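Look for subunit A in each of the two complexes below; its partner is subunit B in the first and subunit C in the second.
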Partner chain A sequence: MIADLVGSRSVRRALGAAGIVATLAFSAPWLSPYDPNEHLDAVELRIAGPSWHHPLGTDLFSRDVLSRVLYGTRVSLTVAALSVLVSVTLGTAVGMAAWLAGGAVDTVLMRLVDGALAIPRILLLLVIAALWNHINLAALVAILGLTSWFGTSRVVRAEVLSARAREYVAAARSLGLSRVRIATQHVLPNIAGPILVAASLGVGQIILVEAGLSFLGLGLAPPTASLGAMIQEGQSFVYQAPWVVVAPGVVIVLTVLVFSALGESLREALDPRSGGRPA
Partner chain B sequence: MTGPSIRSSAHPPIRPFIEVSGLTREYAAERAWLERRVTFRAVNDVSLTIGRGETLGLVGESGSGKTTLGRCIIRLIEPTEGTIHMDGTDVRALESATLRQFRRRMQIVFQDATGALNPRMRVGQAVKEPIEVHRLARGADADARVATLFQEVGLDPSYRDRYPHELSGGQRQRVVIARALSVEPEFIVLDEPVSALDVSVQAQVLNLLGDLKRKRGLTYLFIAHDLAVVRHIADHVAVMYLGRIVETAPAATLYGDPRHPYTRALLSAVPVADPKPGRARIVLAGDPPSPLKPPPGCPFHQRCFHPKKNSRCATERPELRVLDGAHRVACHFADEWP
Partner chain C sequence: MIRYAASRAIHAFAVVLAVTTLTFVLIHAAPGDPLTGLRESAYASPEFITRAQRHMGLDRPLYVQYLVYLGNLFRGDLGESFATHIPVWHLLRPAIPNTLLLGAAALLVDFTVGMAVAAPQAIRPGGRLDRWLSNVTLAVYAVPVFWLGILLSMLFSQALGWLPIGDIRDPIIAAAGTTPQKVVDILRHLVLPAATLGLVGAASTARYQRTALFDALRQDFIRTAHAKGLTARVVLLRHALRNALLPTITLFGLSLPVLFSGAVLVESVFGWPGMGTLAVQSVMRRDYLVVTAAATITATAVVVGSALADLLYRVADPRTRSPA
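So, the complex of A and B:
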């Protein structure tokens, strides 16, 4: 499977782009020309336009926008990656459990998931975030992760349903293997592809949601640089200093695009009907 | 090849190795919302016995219920009614943990070897896994067993590190056979094991199955859709039609003196090496009726060509009755052929 994925040119390209974004974000401490939270010069550098020393200008508090964007991307990617880890693990576990337990448990779990899916996620997040006093990184990851596994669990269960109709699952049963063993050794490896796709698309979605939360002032506490928070801070003087808003905005769009492209290319490479080699 | 058994499996002196009685499997048909629940019987009141070390050939066309029957016997599908005994053990009474252990003794070889192998598992691991799960051996000992099994089914042990898609159809079926043998079963359901293979490979795999049976003293239920395939391997043959057995007999009797019109039709379709002039090919009219609405009377009467066929066939279903020793037929006019 891995060989097939790496063999696909669109997957290689998307993977390369995602790698560049991640490398830039996680090299923030070395790439940033300034401390992202340092007020450099409240008089001279208050919302100063792009210059040689400050390629993306400075913000209201004379902080370097380039440094803040780099650090902000790191925060957003970390939050997104960890949240997706939580949501995909939970979603897979619930999806598998629904199948393993079967019958009434399956029905109840999936109806609960349907119910949760019917509530707009941003509304759910607003309520939770508003009830939470001080949101740190772990809390944010928990909030985002715990509210975004519903879709994944549906996908996993659907895949499990189709996988269990395969003859090799019947073969495993006839050999006297336990249900847990069949689930982990025979079903899970065969549904890893769709899970990977869900994870990759999930990263893009979480970045957007996190930016939205920060924009509404419900994200990480200031002065932590986050892409959404930067847009929120810059919105009141967007006409005088558009760079403060445009820089994080462009980064959000590009990052989401890259991870969506990665998800789409993975989906394509894994789909046997798309004409590629069988996965 | 073992000839027809001297012991009659219908009246054995001791309890037969495999004894199935009144086996029925019902399915709910697709239905629209609020529509009355409709069930049909894929397998309908089937009884059969297989002596230890014997092969029962089970023949019927698609949809006759032969695969369902095979899977019910080893409890891959739960029967709706009936009893199954293997070597005196009530197979239907086994609870899940005991059943898992008992599965060692009864195995299945599938028609579609490609589908029966996990595409993400190396074939050596596929054979090794059950050995370790049933604690027959582990580590290097288990690997040695895998190598021996590969040789036994005619595969080079170096193939163990390959994935199923890197093997040919015949090789994959050999892996499936090796995997079934890995737990040292006594009884194997062969569900059309050669139907998906090239003709040249079919003979090889059939020979392999015959060799294994003799060497290991295996008991087979050999499912096939035509009588030609089971001719050389079966001791007894049962013919299924619409979920029921319509004729069963020792192989020589069934091939030499078939009494059910359906068996006669099936036999006339078997190609022969030396066709004599005057050999009539019986072509049945129409398709088998839907099991959702089985016809009243004999399930075969609409397609029947028996010269004595009359109105009784359309109203009264013939029971499977003993014709002569182990030869049983479900036809009112089984002994009135011209």
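So, the complex of A and C:
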């Protein structure tokens, strides 16, 4: 499987692009020309346009937009990567547990998942945000991760159900292996592909959700640089200083695009049947 | 068919029950309760807090609270807002039609644009136009909906001055205008929010429809239609499109939660007085009964919508009725 993936040119390209985005974001402390939270000069530099010293201008509080965008991307990527780790692990565990337990447990679990999927994600997060007071990075990761696994658990359950009919499962069963052992050691590696695709698309999705949440003022507390919050702060004076809104938006689009493209190329590389068929 | 409808209804009911259970669990899993603010206040005596607790039923065991909560919900009693002491339903009632109007208009944009983009792609898959449009839809898919809203309002409201933004109607026209003026005014306010929400949705609709049309064009009956000597145009419009519309029904059910999520953000950007705006304002006031009520109502709408979509699919596609 790994060989298939590395052999695909579109996967290699998407991985390269994701690597570049991640490198730029995590080198924020070295690449940023200024401290992202420093009010440089509240008189002279308040909402200054792009210039040689400030390539993306400065914001309402005379902070350097480029530095804030770099740090904000680092926050977004960290939150997204950790949340996806939580959600994919949980989704895989629940999907497999539903299959292993079977019967009533399976039915109840899947109805609960249906219920959770029916609540629009942002509203679900609003309910949680209304109840918790202060959100730090760990809480944000927990909230996003714990509300994003529903779809993955459905995918995993469907994959497990279809894997059950395969010959290797019958072979393992005839060897007398336990169901848990078959599930974890034989089925899991065989459904790693779809899980990887879900994870990659999940990173993009969570970046968008996190941006939406911080746009509504419900993300990490200010002054932490967050792409969604930057857009929200800039919205009220967008006509005087469009760069404050445009720059973080463009960065969100590019970052999400890179991870969507990675997910799509992984899907194509993993499913030779799809061939020319659009996914 | 009736048996299917009944089982689908039971399923939908189970999901709604799951939604209410989840929101109840969330409320009680969170730190603090409606009286947290009161306890921190220097003016509330312990006796007063105990009385308030009893008044709100917070002193009863959790399972009793759960049953009371369910009973109230089924009687349509959503409780009273902590912040304003207005019944939650009175706050939500004026917001619901506004959100539905925005959602319906956005769906219209979503499916029209989505289909218009998907059709030329599916006719020549792998062609230059197809690849170009695929990249465009992938890019639009990555655009935060609230950001698109701000950009569109910059262009069409500020720079060009074509459309108004903010709220759903102009206060002067609403007070003194004639009925046609009022309708036009609301529609003018609707254009930008609906376009914003619809365009982002159109990207996923187009990607989905492209596959659906592609599959429809490669079925046996299409070959038969070509063999009969029908023109490519007739084959596409009368035979392929009709079959590709079937998955659209499913897509409608699937896109509802995403649509409502987007609506929350778009309403915030444009100050549209819908359930999303109300929910966000209520979060700021920690008025969580309003937020959970909004979540429960939209979730119920989503569940009912997707159940209807499933039923419609069964009616529209005779093949699903007999076991294959």
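Worth a mention:
The working rule: the second predicted complex is superposed on the first by the 274 of 279 C-alpha atoms of A that agree within 3 Å, B and C clash if a C-alpha of one lies under 4 Å from a C-alpha of the other, contacts with A are read in each partner's own complex, and residues count from 1 in each chain.
Here is the rule we go by: contacts are C-beta pairs under 8 Å (C-beta built on N, C-alpha and C of every residue); 3 or more make two chains touch, one makes a residue touch a chain.
Predicted, not measured: the structure shown is a model, and the values here were computed from it.
Applying the stated clash criterion after superposition on subunit A shows that subunit B and subunit C can sit side by side.
Of the two partner chains placed by superposition, A:Leu266 touches none, neither subunit B nor subunit C. In the superposed model, more residues of subunit A are touched by C than by the other of subunit B and subunit C. Rounded in steps of 10, the angle subunit B-subunit A-subunit C defined by Cα centres in the superposition reads 90°.
Touch criterion not met for A:Val11: it reaches neither subunit B nor subunit C. When both complexes are overlaid on chain A, the residue A:Ala80 reaches neither subunit B nor subunit C.
Of the two partner chains placed around the shared chain by superposition, neither subunit B nor subunit C is touched by A:Val94. When the shared chain is aligned, subunit B comes close enough to touch A:His186, but subunit C does not. Within the superposed three-chain model, A:Glu167 lies in touch with subunit B and out of touch with subunit C [touch as defined at top]. Superposition on the common chain places the nearest Cα atoms of subunit B and subunit C 6 Å from each other. Subunit A residues in contact with subunit B (one complex) as well as with subunit C (other complex) are 278.
Remark: subunit B residues 71, 74, 76, 99-104, 107-108, 110, 112, 115-121, 129-130, 133-134, 165, 176, 179, 183 touch subunit A in the complex.
The part of subunit C that touches subunit A in the complex is made up of residues 11, 14-19, 21-23, 26-27, 30-32, 121, 125-126, 134, 138-139, 141-147, 150-151, 154, 158, 207, 210-211, 214-215, 257-262, 264-265, 268-269, 276, 279-280, 282-284, 286-288, 291-292, 294-295, 298-299, 302-303, 306. Put simply, subunit A touches subunit C in their complex at residues 111-112, 114-124, 126-133, 204, 208, 211-212, 215-218, 228, 231, 235, 238-239, 242, 245-246, 249, 252-254, 256-257, 260-261, 264, 276-279. Remark: subunit A residues 1, 166-168, 170-178, 181, 185-186, 189-190, 278 touch subunit B in the complex.
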